[in-house]
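Note that subunit A is present in both complexes that follow, paired respectively with subunit B and with subunit C.
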Partner chain A sequence: MATTGTPTNLTQKTRGGIGESTLRPDGTLKVTGEFAYSSDMWHEDMLWGQILRSTVAHAEIVSIDTSEALAQAGVYAVLTYEDLPTEVKNYGLEIQDTPVLANGVVRHHGEPVALVAADHPETARRAAAKIRVEYRELPVVTDEASATAPDAPLLHPGRDDHHAGHVPHPNIVHRQPIVRGNADEAAGRADVIVSGEYVFGMQDQAFLGPESGLAVPAEDGGVDLYVATQWLHSDLRQIAPVLGLPEDKVRMTLSGVGGAFGGREDLSMQIHACLLALRTGKPVKIVYNRFESFFGHVHRHPAKLWYEHGATSDGKITHMKCRIVLDGGAYASASPAVVGNASSLSVGPYVIDDVDIEAIALYTNNPPCGAMRGFGAVQACFAYEAQMDKLAKALDMDPVEFRQLNAMEQGTLLPTGQAVDSPAPVAELLRRVKARPLPPERQWETTEGADVRALPGGLSNTTHGEGVVRGVGYAVGIKNVGFSEGFDDYSTAKVRMEVIAGEPVATVHTAMAEVGQGGVTVHAQIARTELGVSQVTISPADTQVGSAGSTSASRQTYVTGGAVRNSCELVREKVLEIGRRRFGSYHPAWATAELLLESGKVVTDGGEVLADLVDVLEGEAVEIEAEWRHRPTQAFDLRTGQGNGHVQYSFAAHRAVVEVDTELGLVKVIELSCAQDVGKALNPLSVIGQIQGGTTQGLGMAVMEEIIVDPKTAKVRNPSFTDYLIPTILDTPTIPVDVLELADDHAPYGLRGVGEAPTLSSTPAVLAAIRNATGLELNRTPVRPEHLTGT
Partner chain B sequence: MDFLRPASWEEALAAKAEHPTAVPIAGGTDVMVEINFDHRRPEYLLDLNRIGELTEWEVGGENVRLGASVPYTAIMENLRAELPGLALASHTVASPQIRNRGGVGGNLGTASPAGDAHPALLAAGAEVEAESVRGSRMIPIDEFYTGVKRNALAADELIRAVHIKKADGPQQYSKVGTRNAMVIAVCAFGLALHPETRTVRTGIGSAAPTPVRARAAEDFLNAALEEGGFWESGNIITPSVAKQFAQLASGACNPIDDVRGTAKYRRHAVGIMARRTLGWTWEQYRGTARTLEGAA
Partner chain C sequence: MRVNFTVNGRRQEADDVWEGESLLYVLRERLGLPGSKNACEQGECGSCTVRLDGVPVCSCLVAAGQVEGREVVTVEGLADFARQREQGSCASGACGTSLQDAQSWSAAPRDGVTDSQTGEGTELSPIQQAFIDAGAVQCGFCTPGLLVAADEMLERTPSPSDEDIREALSGNLCRCTGYEKILDAVRLAAARQERKEEAV
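Take a look at the complex of A and B:
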């Protein structure tokens, strides 16, 4: 019986296959400003939708008067909760607790209250401003103490979701304890015990393309929705019931996405645009501006984390106890899964047998928080890495050697009891970043005086070297790859092979959302490698093919890449079947040898050409759509946290070199080097880009990025790029990257998800470097000048 | 909203006289942001971009007459020797694109305490050339800022130019922001040595309701330099004098807590910047090169 296989010498046969740095098809267009983003769409006769949002964080809606808005010339519709067409009036990723439009109460600043459609965006905006909403303000809950007080107002009274039964208070979305060994007993063996309380601010995804989309009503009563999102089918499942339409009448197509980072996992304007389109019978476009975007998507959970670690005098960690409180804001979004990640990865990439862990997410009147790159693991990493430095200091050990002494490796059990069953080169990653030569000191000194661009403050000219102290810090992290805790995390790929204009051509069709991660190059690379063709067409992502799952959790190359590979294999078998039928009698190898497709030909594994694909496929197209799944996972036990919850892990380590103006409290990150194991780099250039991007996002969290919410009113104080700062190129240091490729045998090609891990360790490495420079404890991030100057 | 596009300065003055609520717009780097955010919706926009003379400058014997719309980029590229403090301040304005559009006239018109040009103008010494159909007048910069985002212009007046004293000694400018580029000032400080008059002038940004001079600090330092014969000797300024100067500069602040920083930090940072800029300018003054140019 003949078999088929992936060519073993992957990089040399068909050009543009896996392992090559192929360029993005959209790269030049984006750089030159020609790429069509979802906000650029236009339809003849289209209307513009506008959302009226609450101006207060918690209030009863006494009345809504839309008459004046409706009377405006050019206004086609004004909708409120009363206009929702079906009994389904809420949506949500896991818990359907988010109202499409406020039903008598608003629970956070910026919650959607009413919708307007008009023939001009300015008309729509002005009409929305003429809707009279009378609020009766309610007390706000903004932290654990106020949310769980005996008389605390309940955000969602009468909860009946699947977490409602096991949480200690109705304002706690989900609670996950993990207990393994006996932390109290193990603490008795410790020679040193360190503890700390850490505060992690609210980070925003700050993607550059604001939420936008176009809904076009169709003649069959359905709607075509073109939108920038992270997961078409998840959107579809939430949209269709609210509209009262079967899913096949809501046809979704991905339009140009300007970044996501988790912020497009939840719905934004999707249902609103569809409601307005179906009501008016006209296409409706909605585009948020930057201000609205800060209210239009969930943020990263801010967190308070309490940790205790102990160690013996020879540097072995004895135990860890921690309590992680995540603020989920007004609606659940991804909070339960973030709790699962924060708790199960709270130990970090270390061997600690005795742990006592608790993580909770709160309901509060703060802005809703959900998915963002790193997803729960980021907050924990910030805290446990600070603890590692504290322990090393208490033991008078080198912080890197201390980490290496306790580093996880293949076979280590996580606190959940799950074994890490693929390479875990934690100590090696640390060794690599540490071994790199340090950048030269005092790089600002030139013969003409100080080059301020190389100093904290940059061209703002705040120092010519005065007060500047260098610091170096290290951090390493562990991130799970893929959806965890028993989720059916499959993907679907449709692959077609045919001859067009005398050439064999493959077409890959998935619903994968390309949000910048590079799936479009990877899918073509896989098809070239597996099918031996050079021409690959990537079809637009839409809901005419099965779900690809979310572009989240570092999972798309693994899962949809895996699905593409699987469908390619099925296509290849079919092609070879056809070949055997047509040409099998001409050569015995058709029946006996392992056959491959390479450079447009059917070849034996020995390299002998049996047939041209053009001849094999003559007049016949092969098309297969198939689902593909990675290994199943299990839920965590609600009491003990035990369970094989994760699919795969991704590890990265950073070394940060910073220079701090200690008098003014300004920081310049000089270098942020990273070492990461990626299993197999399918597109090495893209991998480097992901690592540098994640590193920079982590840097932003260390020194500038924070949504500031007024604790008294729960209102957002800085919803703009004037006051929510993200790193510019002048804030971005050199980021040398060291890529390891230790295959994970369970994953396609041995690859590991790449996108999130660098975001974890970047922030704590920068914080460690600032602590090293200043000697300050610094238990919160981002660090502000006030924290460094005691002002 | 009506859009007025005068072809000449005289037409602009006439339009402003006819429509005193008209908001002048040149680079639009302040005005358009306010309009886009719907913070203001003026009845009339008065576009000054057709008036070429506003983007011109003249270097005279004592002053530079800087047209209201001369973009920051032009100041950085052409007037570093004459206006070193303002050139340094220009470097810190937003992004290259905005520096190509925005000019000092806009900063003065908006009169935000966070405007980057103000501390440099206060330190150098300047007069604002304001004009209306009634005539022209020179408003000393010290009298120009009258309140939060308010200035001394009458409703029918437009800013034609700023007359800034040419540097007769070293000048410096420092600005604290929490990012290394493209950032609004948390606070800023400008300092100019005027050896001809043996005086020091200062300007503080973003640390009081208006841009202000640190008058007590200036007075103290002027007296100390005079008494100690520092202008003649070029001796290093004693640390205690620098420290006292910094404390008095801090004391000139009347800041608030906001999302960009705390009042306490602003006071602290202004003191640090005062001490450092004094040190840098004095070093330049003492140095044989006597370069008047800033470090950037």
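Take a look at the complex of A and C:
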């Protein structure tokens, strides 16, 4: 017991704590191929599930004949709506309007109609193809005009959800107006007024790990489900009632998740696998292929946005009016919350006192749309940043200086009346991306000649520099962090501390979905910082611990990270209590000093060591499971949009440098630099990875990515990676990143959610650069070659 | 049908293979090697990249019957493969494994000190280590295919330019990283290799 009586000074801080670029705990398993993703699950005697999906977008189902499918050798079950076991036959994140299996009607192309379980995936696929479904096609509604026409077919007649009462038409999911000041009156002061209608295409999350999982029927009549999701407990709340099981009989464990980006907020194969497993009594695995994945999850809302801005000749914005129409598709998914974001963030990171805003989401027969990285703020940013360039041009001002002149600061009021009460370094972020040296121009004219790989068209060898022009563009955006509008956005963390093999070890158990973002890395760092241990074990995420909320809205490091820190603090108090009880009499500092845990020891804030944690914890384990909440938010007023609806904000700015082959309409993005305020980078390496990844998804939206839906039939035309293109390493430029750390005093460690903001400003920066290069107006994203060549 | 081939230096025999099955399916579902990934199953994403007689291929596009009698290296065997190459026992990637190596080959680490949760203690190839160190792994689903492709590129082109790296990896989609850290990782592996050779 030598350490308890003779204090020594601590020479080494705990390593691997917050602020360090510690490496991923799952890194080795991921590079050796041993990390178990949801599609890697295997069970002896397991069957394969297959979903039969509708081939038309809107139809009555006249009949379904499953007899031939059932007669196939190797087929164990075929299920339709009639086989659903309880009265609960729908699910949904907020509005339970999504049928588990079609009930006499299909509302979008690819809607699940029947399920098959067989002993081989190909047998299941072939059996599904033998199910005869007779459809009587109905007219489709595909946009605002057709959805709200007097004779429009209603997607959900008789809907009684809590938005039904305030929407102007039953095919409108939710409407949020925001009115502040007097936009009409302020418009009278404007020296210039610019307006535009902008079109934002339908983007897909295109995570690489397909929707998949394994359901194993249990002896107690329940089911064990291994899946890839963003929020285990939200899944559980939707799954259990459909199965007719209490929640504790549906035991969910998170399998390896191959990316998410919003596309795993809604259920996909979860209920289907459980239904087949419970029916057959055998484990059932379902794995979508890429074709099915395009139908198996919601997409980013395509949008039409109309904006008007005015400004005085000295460059101050007078007012803004906008109308944002989001296409939610056949089912609600996250549409109401997307409307809330689009409307409340429609002004962007600017000071505009007089605004008149309206955002709506439609029900149509198009594919359902919901959460994707940026969540409503992305579409708005594309439009308001185009407007900023138009205003600057009308005033003959530099587009960056014009933005800086109108930039939001700490204390600025959002159109909802909520004050931004943490640093908002919008002007500084723009300054930083602008100050960066530009990449050299027309390198192909140097003596070394052209490397076609650096030119538009690349290895297609379409130009050696002729017809190529350069452009530079800027954009900046604001994204809310965390769930808004009064949602009880809590997280739970269980932390245990004990001595194992002579060393103090902390175990962190949460239900947080690690989808690749590195939450597991950060949780271990927090535990090391708070508990002064080097060994931290991260338990698998499951429903045996309380909810961690969704891996969405850039919230996990803030909220579940906050919960881990909070539980660590509670554990530390207990540990110190034990220490005082056991060793308090050896040294007065136990009673008088501020005590910390550092490098496996109890130390005073002066660095004096009082005891080894191994001695304090001898024979005892301390475990705490606790919920943690950030500041509460409020709903937006349904008429005025006023209310303190948001928790926190995240800001990023981009500068894009592009080269355009004007003859062929090919764009090469040369550089896409980003500056972002992250409050505090808990893991700098991961933060930069998030920013570069988000930036690249924005680049894809600018020049490549769009799900094409036939406007006549509402059928999806390009459900494959052959026809839906995401950026390759050849399409992606250098992405220099400048990270600011201005603490938000309301958040744990001052941190800001990082993941989404870079996806906002990336797209409009690329568009601005292409406009700068070509002089074209380009009110639509993504830009296709024909938009540039006019052919 | 029955398919006999060599995977990561070990003779394998897959029975009851349906003629329409891909090499990817046989590896993942019949041989217990799910490291090669199934992101698109149409040859567009590269996540299933393996080496077939030394040549990188999308295993989803190779019919299982086509690999009869041939040699396959997957991400699970990459560390051993790189070690053998280092020792000069196989430069082309198609030489197979020595009898002695084959007998001692094991998917589990030799020293038995691997942490089952983190995999720590596992022997890694230089490119695998570089991906971890550079932060090139996020969700990790593209990682196995990228590792096999990058390792093969470095075998051919030990000191690649950035454009060489981009060209070699252009068949491998990644949705998380924006590729910057992947470039960093390949540069890092190349630099470490150069330093090692200079030392020799």
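Observations on the structure shown:
Everything that follows uses one rule, which is that the second predicted complex is superposed on the first by the 767 of 791 C-alpha atoms of A that agree within 3 Å, B and C clash if a C-alpha of one lies under 4 Å from a C-alpha of the other, contacts with A are read in each partner's own complex, and residues count from 1 in each chain.
Assume a residue touches a chain if its C-beta (ideal position, glycine included) is under 8 Å from a C-beta of that chain, and two chains touch if they have at least 3 such contacts.
Because the structure is a prediction, the values reported are computed rather than measured.
In the superposition on chain A, no contact is made by A:Val469 with either subunit B or subunit C. Applying the stated contact rule after C-alpha superposition, one finds that A:Gly449 touches subunit B and leaves subunit C untouched. By the touch criterion stated above, A:Leu666 is placed in contact with subunit B alone, subunit C being left untouched. When the two complexes are overlaid on their common chain A, residue A:Leu459 makes contact with subunit B and with subunit C alike. A count of residues in subunit A touched by subunit B and by subunit C gives the higher number to C.
When the shared chain is aligned, subunit B comes close enough to touch A:Val703, but subunit C does not. When the shared chain is aligned, subunit B and subunit C each come close enough to touch A:Thr728. The contact surfaces that subunit B and subunit C form on subunit A in the two complexes overlap at residues 289, 291, 459, 720, 722, 727-730.
Chain contact summary for the complex, subunit B toward subunit A: residues 36-38, 88, 91-92, 172-184, 186, 259-262, 264-265, 267-269, 272-273, 276, 279-280, 294-296.
For subunit C in complex with subunit A, the residues that touch the partner chain are 18, 20-21, 28-29, 32-42, 44-45, 47, 74-76, 78-79, 117-120, 122, 124, 128-129, 131-133, 135, 137-144, 147, 163, 165-167, 169-183. Interface residues of subunit A, counted against subunit C in their complex, comprise 21, 23-37, 39-40, 42, 120, 122, 205-210, 256-261, 287, 289-291, 451, 453-454, 459, 515-518, 537-538, 685-686, 688-689, 692-697, 720-722, 726-730, 732, 734-735. Listing the residues of subunit A that touch subunit B in their complex gives 125, 289, 291, 449-450, 452, 456-464, 466-467, 663-666, 668, 703-704, 708, 717-718, 720, 722-723, 725, 727-731, 784-786, 789, 791.
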